[in-house]
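Okay, got some structures for you below.
Across the two complexes that follow, chain A remains constant while its partner is chain B and subsequently chain C.
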Partner chain A sequence: MVQLTIVLYKAYHQFSHLTIRLALGGCTKWPFYHIVASLNKCPKDGHFMEQLGSYHPVSNSYGKKLIALNLDQIWHCTGCGAHLSKPVEKFLGLSGYFPQHLTVVTNAERFSKTDTEATETRELTSVNIAVGIRLKSS
Partner chain B sequence: MLRALSTLGARPLGRPPAQFLLLARGRKTRHDPPAKSKIGRVATPPAVDPAELFVLTERYRQYRQTVRALRKEFVTEVRRKVHEARAGVLAERKALQDAAEHRELMAWNKAENQRLHELRMARLRQEAREQERRQAEEAAREAGEAEAWAQLKKREVLQLQEDAKDFITRENLEARVEEALDSPKSYNWRRDRHTRGHSGLCLWASQIASSFLYVGTFVHLRYIPPGPQTQGRGHFQQ
Partner chain C sequence: MATLRVSLSLWNLHAGSRGAGRVYFRARSRPRPGDLFQPLPGVCGAGTPCRGLCSESESGSPKIKKPTFMDEEVQSILIKMTGLDLLKIFKPAIQETKPPTYKLMTQAQLEEATRQAIEAAKVRLKMPPVLEERTPINDVLAEDKILEGTETAKYVFTDISYSIPHRERFIVVREPSGTLRKASWEERDRMIQIYFPKEGRRVLTPVIFREENLETMYSQDRHVDVLNLCVAQFEPDSADYIKIHHQTYEDIDKYGKYDLLRSTRHFGGMAWYFVNKKKIDGLLIDQIQRDLADDATSLVQLYHILHPDGQSAQEAKEQAAEGLQLIKVFAKTEAQKGAYIELTLQAYQEAFISSSAAS
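Let's look at the complex of A and B:
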């Protein structure tokens, strides 16, 4: 194990920033993501500062993919200078508190050019995402 | 950061350079030649629809503008919260409450210290009184003992003075000797298995008891004081 001196530590962490991203968990054939706030230098599934939600990519018995978001803490972390990864931006766009992410809109438009209207609605509604939002009661 | 970390690559002369890259199976480095199957390959970027590109550029600009505005809102919110926590109304009230609580605690601490101090002083006074009483008792006891010792010694001296009147001196030596010789008391003694070397008076009973086992000769010795006939020497004679 090597421990950096204060100078090297500051030089190393001067260019790292907080990131809100998905950390993979679960087991084989059953992925599960935690939405965490961690430094971008840390391993993506490793040490994190705070957990801000979760995402189940596998549909449950009702055919829903559940997403949980702690919006108060996400706003606080974003106010402290955290970056957002693309999946998190998409989730926030789906929740309605952020504008819809462009890749979602663009892909939908591209598909609509090749397929019929039914395919477009199926693409937009096939996600079947149920978003759970937690807000502080104040 | 690079400048700070560049010293890590510095190595002394004669040593091979530090290895920063690890070779992995199947990966090509920039120095490896391309494969034969890729000789005529021309890398072409994906086709771009100019209309879509224009629309996308505009949308991205709007999206990033919105997100930037939201981020600014969040930043101001955080700064406002920090400012309120540091210098807001609630913080001032809390500071006043903390100061009042601190004053109360200090006053209580002072009162407790005073009470304990008074208890301690009372205890010390009591101990001092106890100490004085013990010392007085000790002094009285020692005085009594000294008095008793003096009395004892005085009695001994008086007794000695009384006894001195009956001492044998040169003047009454002859008379005392004659008196001792004429007295029936015997100073002879002996030791055997039944006795422990008692003096003559006590030995009478044991002598009678043991006469059946041992028959001894009882000798009365007569002391002849020194004189001209005894050539200046005293001796015993049967």
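Let's look at the complex of A and C:
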């Protein structure tokens, strides 16, 4: 008995890959992003495989912006070959799970507007603490 | 070949993620109503209350092992003192009105039903844990001076992986100054309530826990409701939980309303607090006045277990006192209201003798 669904699926989706990106939801003047693993070709706010977190760009009553990341599932999806969009990479860098993203560093350097000597002496100190602990425990 | 490999991996991911996705959404079941009466799963990660409490027993000299709240001996004494008034435990709670059901039972069936009710009551009377106050978290993970000034607000990152216990979850805060620090205990509790909501718990502290509202509750004799709400809202080792519990116990002691907590799950905690603070006089008097002499003796025994270096403990050992004699020894040596205790004991003994003479 040949399983046709798998063959058809492979034939249909052979040019798209899984991406982890932000899907916009919410109302007017109140954006809310879901961090979602979906196929590349799908509409960005449409059908997705799995929800991996959320991001609310509006700060709450304590002045904080909440980002939730299902690191277990992101680990699994990236291991299976998912690509990450730029905002998601930025978040992973800011949270300390990955090293800082290049654009973040370059924007920060442009923002500070110091001369080249000062920028060379400054060092990146963030460490993959979460990754390190996971590797130790696994 | 490359396309085959890619599509194979896609298929694996799709099948795996689909399965995982289904499992993920279905496994996230809502907590059962009985969960409120059981020790919080967040305590010490796995539901066993042993790991975090070991630190308590290590204080003091290494030879004498200080008894903790969870010791079997202590627990058995406290459970005995709590009592088992079925009518009070299964008091009708506010729920949907429906017409009452009547059952016709033989004596054997009635006994069976009572036995089952006692089992259910014992589950309801399981005591919430008594822990020391938690130390505040001041961990800084990284300091990136480069990121200073690029953002205006703080970012709070929560790890919502389902398989991690709440105590070990990573909740970090990235400040606008670029420092990456671990979130404080209050922030942690709020985030965990937002992403893993627990029944009966609110994200922001309810208004009822303010001073003036607590006073109103105490004046209406609703200490049990206050303590139940406190157990639902706060973690057992948070400062707020301990403070509100101590406040409630002090208020009960001031007005002598010990009977409010009898046959509830908070009686053990109250007795433990009083024994630690050496303020068991009011409770003793109340127990003797209600003809609970056994409970009074077990309370004094618990006191001697916890403070074996005290005067009353050593005198009791010398005299090998038992029963009411124990209470008399305690009243003479270490009690604040010693005379009052002796008076009530005398009255109790006279009433006992007269009732036994009459019958």
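The rule we apply is simple: the second predicted complex is superposed on the first by the 101 of 138 C-alpha atoms of A that agree within 3 Å, B and C clash if a C-alpha of one lies under 4 Å from a C-alpha of the other, contacts with A are read in each partner's own complex, and residues count from 1 in each chain.
One rule holds in what follows: a contact is a pair of C-beta atoms (placed from the backbone, for glycine too) under 8 Å apart; a residue touches a chain by one contact, two chains touch by 3 or more.
Only a predicted model underlies this, so the values are computations on that prediction, with no experimental measurement involved.
Look at A:Val105: by the touch rule set out above, it reaches both chain B and chain C. When the two structures are aligned on the shared chain, A:Leu71 is found in touch with chain C, with no touch to chain B. By the touch criterion defined above, A:Glu50 reaches chain C but does not reach chain B. If you count the residues of chain A touched by chain B and by chain C, you find the higher number for C. When the two complexes are overlaid on their common chain A, residue A:Lys41 makes contact with neither chain B nor chain C.
In the superposed pair of complexes, A:Gln14 makes contact with chain B and with chain C alike. When both complexes are overlaid on chain A, the residue A:Cys80 reaches chain B and chain C alike.
Chain A uses residues 14, 76, 80-81, 105, 109 to touch chain B in one structure and chain C in the other.
The residues of chain B lying in touch with chain A in their complex are 1, 4-5, 52, 56, 59-60, 62-63, 66-67, 70-71, 74-79.
Those residues of chain A that touch chain C in the shared complex are 6, 9-10, 13-14, 17-18, 37, 49-50, 53, 59, 63-73, 76-77, 80-82, 91, 94-96, 100, 104-105, 107-109, 111-112, 122, 124-127, 129-130. Those residues of chain C lying in contact with chain A across their complex are 3, 6-14, 16-18, 20-21, 24, 141-150, 153-164, 170, 172-174, 180, 191, 194-195. The part of chain A that touches chain B in the complex is made up of residues 7-8, 11-12, 14-15, 75-76, 78-81, 89, 98-99, 101-102, 105-106, 109.
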